[in-house]
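Please read the structure below before turning to the comments.
Here the chain labels run A, B and C in written order, and each chain numbers its own residues starting at 1.
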Amino acid sequence: MGNSCEGFFGPQKNTNVRVSLPAVCFVWQIAMIILFGVFIRYDEESDAHWAEHKKSHNISSDIENDFYFRYPSFQDVHVMIFVGFGFLMTFLKRYSFGGVGFNFLIASFGLQWALLMQGWFHSLDPVTGKIYIGVENIINADFCCAGCLIAYGALLGKVSPVQLMVVTLFGITLFAVEENIILYLLHCRDSGGSMVIHAFGGYYGLAISWVLYRPNLHLSKRLSGSVYHSDVFAMIGTLFLWMFWPSFNSAISDHGDGQHRAAINTYLALAASVLTTVALSSMSQKRGKLDMVHIQNATLAGGVAMGTAAEFMITPYGSLIVGFCCGIISTFGYLFITPFLENSLKLQDTCGIHNLHAMPGMLGGFVGAIVAAAATESVYSKEGLINTFDFEGKFAGRSVGTQGGYQAAGTCVAIAFGLVGGAIVGFILKFPIWGDPSDDNCYDDEAYWEVPEDEETIPPVLEYNNHMIHKHQDIAESNFSVEQS
Amino acid sequence: MGNSCEGFFGPQKNTNVRVSLPAVCFVWQIAMIILFGVFIRYDEESDAHWAEHKKSHNISSDIENDFYFRYPSFQDVHVMIFVGFGFLMTFLKRYSFGGVGFNFLIASFGLQWALLMQGWFHSLDPVTGKIYIGVENIINADFCCAGCLIAYGALLGKVSPVQLMVVTLFGITLFAVEENIILYLLHCRDSGGSMVIHAFGGYYGLAISWVLYRPNLHLSKRLSGSVYHSDVFAMIGTLFLWMFWPSFNSAISDHGDGQHRAAINTYLALAASVLTTVALSSMSQKRGKLDMVHIQNATLAGGVAMGTAAEFMITPYGSLIVGFCCGIISTFGYLFITPFLENSLKLQDTCGIHNLHAMPGMLGGFVGAIVAAAATESVYSKEGLINTFDFEGKFAGRSVGTQGGYQAAGTCVAIAFGLVGGAIVGFILKFPIWGDPSDDNCYDDEAYWEVPEDEETIPPVLEYNNHMIHKHQDIAESNFSVEQS
Amino acid sequence: MGNSCEGFFGPQKNTNVRVSLPAVCFVWQIAMIILFGVFIRYDEESDAHWAEHKKSHNISSDIENDFYFRYPSFQDVHVMIFVGFGFLMTFLKRYSFGGVGFNFLIASFGLQWALLMQGWFHSLDPVTGKIYIGVENIINADFCCAGCLIAYGALLGKVSPVQLMVVTLFGITLFAVEENIILYLLHCRDSGGSMVIHAFGGYYGLAISWVLYRPNLHLSKRLSGSVYHSDVFAMIGTLFLWMFWPSFNSAISDHGDGQHRAAINTYLALAASVLTTVALSSMSQKRGKLDMVHIQNATLAGGVAMGTAAEFMITPYGSLIVGFCCGIISTFGYLFITPFLENSLKLQDTCGIHNLHAMPGMLGGFVGAIVAAAATESVYSKEGLINTFDFEGKFAGRSVGTQGGYQAAGTCVAIAFGLVGGAIVGFILKFPIWGDPSDDNCYDDEAYWEVPEDEETIPPVLEYNNHMIHKHQDIAESNFSVEQS
């Protein structure tokens, strides 16, 4: 269907990306190689000089290498990025290839660009002019991709892979800048990225989608829903995101109690989100039936909202309260806000990232601000307070109240970067050169994928039908001829 | 279909849970928040006071935090609970949403309630009245959920989500009590839970299912099987359970050799189970064809049966023998015992948990007893024996023979708790207030889920058929009218 | 269909394995138990004597147990073997059970046999005559299975499970011999197994497939493709392989910087492969559409090719270059070499393992040789060079140039073992006793599995059709009778 150049409603757009997609992939990948050659080197823990480093720093055992503190969490984060986000986006009946496949493509590009961008901003050695990378950097690169994958959720089915590469290029760049402002200039804490990942990524995607509004998207309505098995595939994504979110929020927290506490808090918040999502989903439907869209998405809101506060002493019941509220808010969003955005604000948000990332991320930023402002030495211990908020160097002596204020300011910075950056990127994507699909050709893998014919799904009874039809045809025709004669 | 209030066989039961399900979720979640507020705090390894604790306990490095010993295993267990159990239950053709979705719901509630129940029984600080939690507690909470998810396997497709919440509430409670008796009063070792998880959970579910016997369940026979792709989905569950079972059995074993040995033993037992399952499955079918039910389930029996003995010096070939026998016994159960239970004992066991959990769990308990009784100082070393069986405090000096006896007794306690507790819970679930489906409406997601219409699976040939039918209709009608005239 | 003894093209082969499959499974599993009883014991880190060992070796903490260095990587490798390879082979429309199920069977047998074979060759204690196993051994056993699973990729759908067991028995044996020659006699480094796993496994499978050439395989053409959802299932396999490949290549590297560097290098090479695969796939198709076969396979080539060099100081941009080239070469292989092999060399390679494993593995071996030969003390440090290449004992003082030469020689040994061993095994498999399918019965789960009937996939409209057909039948028949009367 996507092959024919004429749709029902006039000529279809040309979705041919045979020149642009290979060109972008090749040129950008070659650029990555050159830039990596100039800038990127192993850090002292992944370099063969580690044996010397160990001696000179009096490190007694290889197990003290940061690899063993963070690599298991890295792998969990990696699964979230590729299987979690990827399969969550397979829910559409005929866009599973695009959901999981383009997610794969843009994350693979994004992580390379992120290593460079984050390196230039945070870890460029002023003497050697090199960026030294280790396991924490590759976790951060994955995090950086997450922002762009969230934005993809709003655009799912409506853009070409070339457009997605552009979204990723600018998204990673904007991410590195806002992250630098929030984490280094404002000295916010945001180990799980409520602000820098979710609020930014959410509003970035929403702004792009708002600019790319398609008034006739209803022409693709036939493909905008799920089928039974695509919903089960999407649950793979949901569950791997849900299960590994404790690793996401704790992956780059402080060694020891920081990582430990971040994992426990996230674990609890997510559990509470599931119960309130189920409750609200059931209340909203006839006969109390659950809606898969809510279960696939809103159950994750607790993890998003704990991104900032997970490493703080929010207390276990505080985590439950955050999860409780966010499950409700997110489900409420799917029920009422998404339709409102689409109808009133002309904002089409395929996966509902407003409800899962933008809103809970923003809330998570403010929760973090409040919890930071409420910190006391008796709860954290003197040393614990300094460690947790990193009140060292030029930030030694900052009060927790001030910290809370900066945390709130950081949230606003993330949102502003998302909205403004997304609007600009959206306008760039409006140029008619990107091979995006026409309004009646969205949500369809046919446009960018060789799709196998599903002839084998014809059940035996059909063959029988065919047989019977031909038989009737014979009978009917014989009747017809008899009568004619 | 589930919407209509009249079935083929009289009025259908009302499966409306629009009031009860939200009420249960909201009220119980609020109760959790309050109880967590009163009781649950971070333990010394997840608290911000860790820096002080480290100094006062002369701990040299953050890597000594229990988080780094156990968190990778925790994540594996977490995957087993949500993806493993969840996807294993997607095998039914039209109950995949319920399989993976209700599993998600009840495990999310269960883990919160488990933290409280297990805390009250084992780790309530008598001075402060608080429960202090760390990574080991959240592993134990996941373990506790496993018992209820096993029980769900017997009930799959026949109960409402509200009933499942009740099953979980009581299941976790009973679990905490029997676990306390077995592990603390009898001082049994059961690191992978053959007794406390599998034997208990299995008999708990079977007893409930026996009380809830449905004489007319054959009316739902059309939905009681699998389809091709639902069997592939279920293999996702099987494989994640199978692969991560070494982590399950080693997650809370002793640091060092205990965890190491438990993982190796489980790895070997599971491998042997696969071969004997395939052998027996092939023998049992015409032309040696394999049955997916066996491959999906009986291959896991070796892991269940190693739950107690995995941390003992059972030897690698001992592990293989256990796996060898359990693969046979479990497949035999699917072939002969499940039909017998259904026909003679009126016990309907959807997933065959008798064969996968109840029987192998019981066997695992007795294997553990024998291996414990056969322990010697030459095999374990003096210190190793004390460490492995925790012969310290008031249990210092207990003989291995006595330990073996207590292990066997523990198995019986687990079974008794399961059977009696399950029978009582079964009777509670018979009240006509829970919104369970009628006999001709089981195994059907329509009852509790908004199910998408699968119109897109119509292959092109069908449209042709439709076209031809209308054509014939025209011909036939024209014939008809001609003749009438 | 597979049940009937007559096909369209003469009598079908007998695929009855009801005697042979159970016999092989039972007898070999019993042999494993006996051999494990004679040879296999726990090593000092998984034995209960660990407490004593720790004291005598002055080890300060349980965290120094090798379990904590390697177990997270082991679990990732384990997932790759069972879910990665298994689901990658579910892409065929009607061979998903066989893809994931036989993979499960042969890996479960293979890992046991590998522990024995690798033990006899590398770690048999000459004094006690025992093999002592720990976590590194079970990783190596999984690696060893990988070689056979790669070979299975070439044979997918064309052989019986009994044949696969034979392929595995000999494959593991050959693997242990060539690995011993390459790693111990030639003293090559190959932590991720470009040579010993991928080049060997690839050519082993190709040689078998070449001997088993089926001139009339086109008779099974109807089943040789994918359907929409089977392609999505295969992406589960692809992604778990892709995500966990950094763990695969670093699992048995040196503690500390070795594991750290291997993970980072693999991470980067894989990312680059994705971009060049997408580029070439898009270039090759009409309108720039992507082909799922390329995305599912060629994206992994970077991981294969980094198997040897990952632990070396190949530099981050060096890794990107390797991934860049291998993505292109592998996709090129799927486009041109696989058809050429089939048409000109009479070599049928179901999964295209030539493009994914054989070629990139061989390249990886040579890349390793070059990087080794280019090593310098300034890059590695004196101690780092000795650690990385293990220039100790009788290999102290070997030059890096010599090492490079041996690495290249090792690659040739692996290929030679694969080709010769595979040819011999292929001839063994030609005996007409193994129950393999006939040419018109390949790629069909019906031959070896009880396959559920998919009657429920009939969409509602079909029932309407049926209804209409019967109605027409009545009309047509009444017409007919009217006219007759």
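Operating definition for what follows: contacts are C-beta pairs under 8 Å (C-beta built on N, C-alpha and C of every residue); 3 or more make two chains touch, one makes a residue touch a chain.
A quick map from chain label to UniProt name: A, B, C = Ammonium transporter Rh type C 2.
Only a predicted model underlies this, so the values are computations on that prediction, with no experimental measurement involved.
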The chains touching both chain B and chain C are A
Residue numbers at the chain A-chain B contact, same meaning over half shared and different meaning under half, come out as different
Per the C-alpha centroid definition, the whole-Å distance linking chain A and chain B comes out as 31
Residues of chain A that touch two or more other chains sit at 60, 63, 68, 72, 94, 229, 236, 454, 457, 462, 465, 469, 472, 476, 479, 483
In the complex, the residues of chain A that touch chain B are 60, 63-64, 68-69, 72-73, 76, 93-94, 222-223, 225-229, 231-232, 235-236, 239-240, 242-244, 246-247, 255-257, 259-261, 263-264, 267-268, 270-272, 274-276, 278-280, 282-283, 285-292, 295, 299, 313, 315-317, 320-321, 324, 379-381, 383-385, 387-388, 454-455, 457-458, 462, 465-466, 469, 472-473, 476-477, 479-480, 483
Residue positions on chain C within touch of chain B in the complex are 3, 15-22, 25-26, 28-30, 32-34, 36-37, 40-42, 45-52, 54, 60-63, 65-68, 71-72, 75, 78-79, 82-83, 86-87, 90, 94, 96-97, 100-101, 104-105, 108-109, 111-112, 133-135, 138, 161, 229, 233, 236, 435, 448-454, 456-457, 459-462, 465, 468-469, 472, 475-476, 479, 482
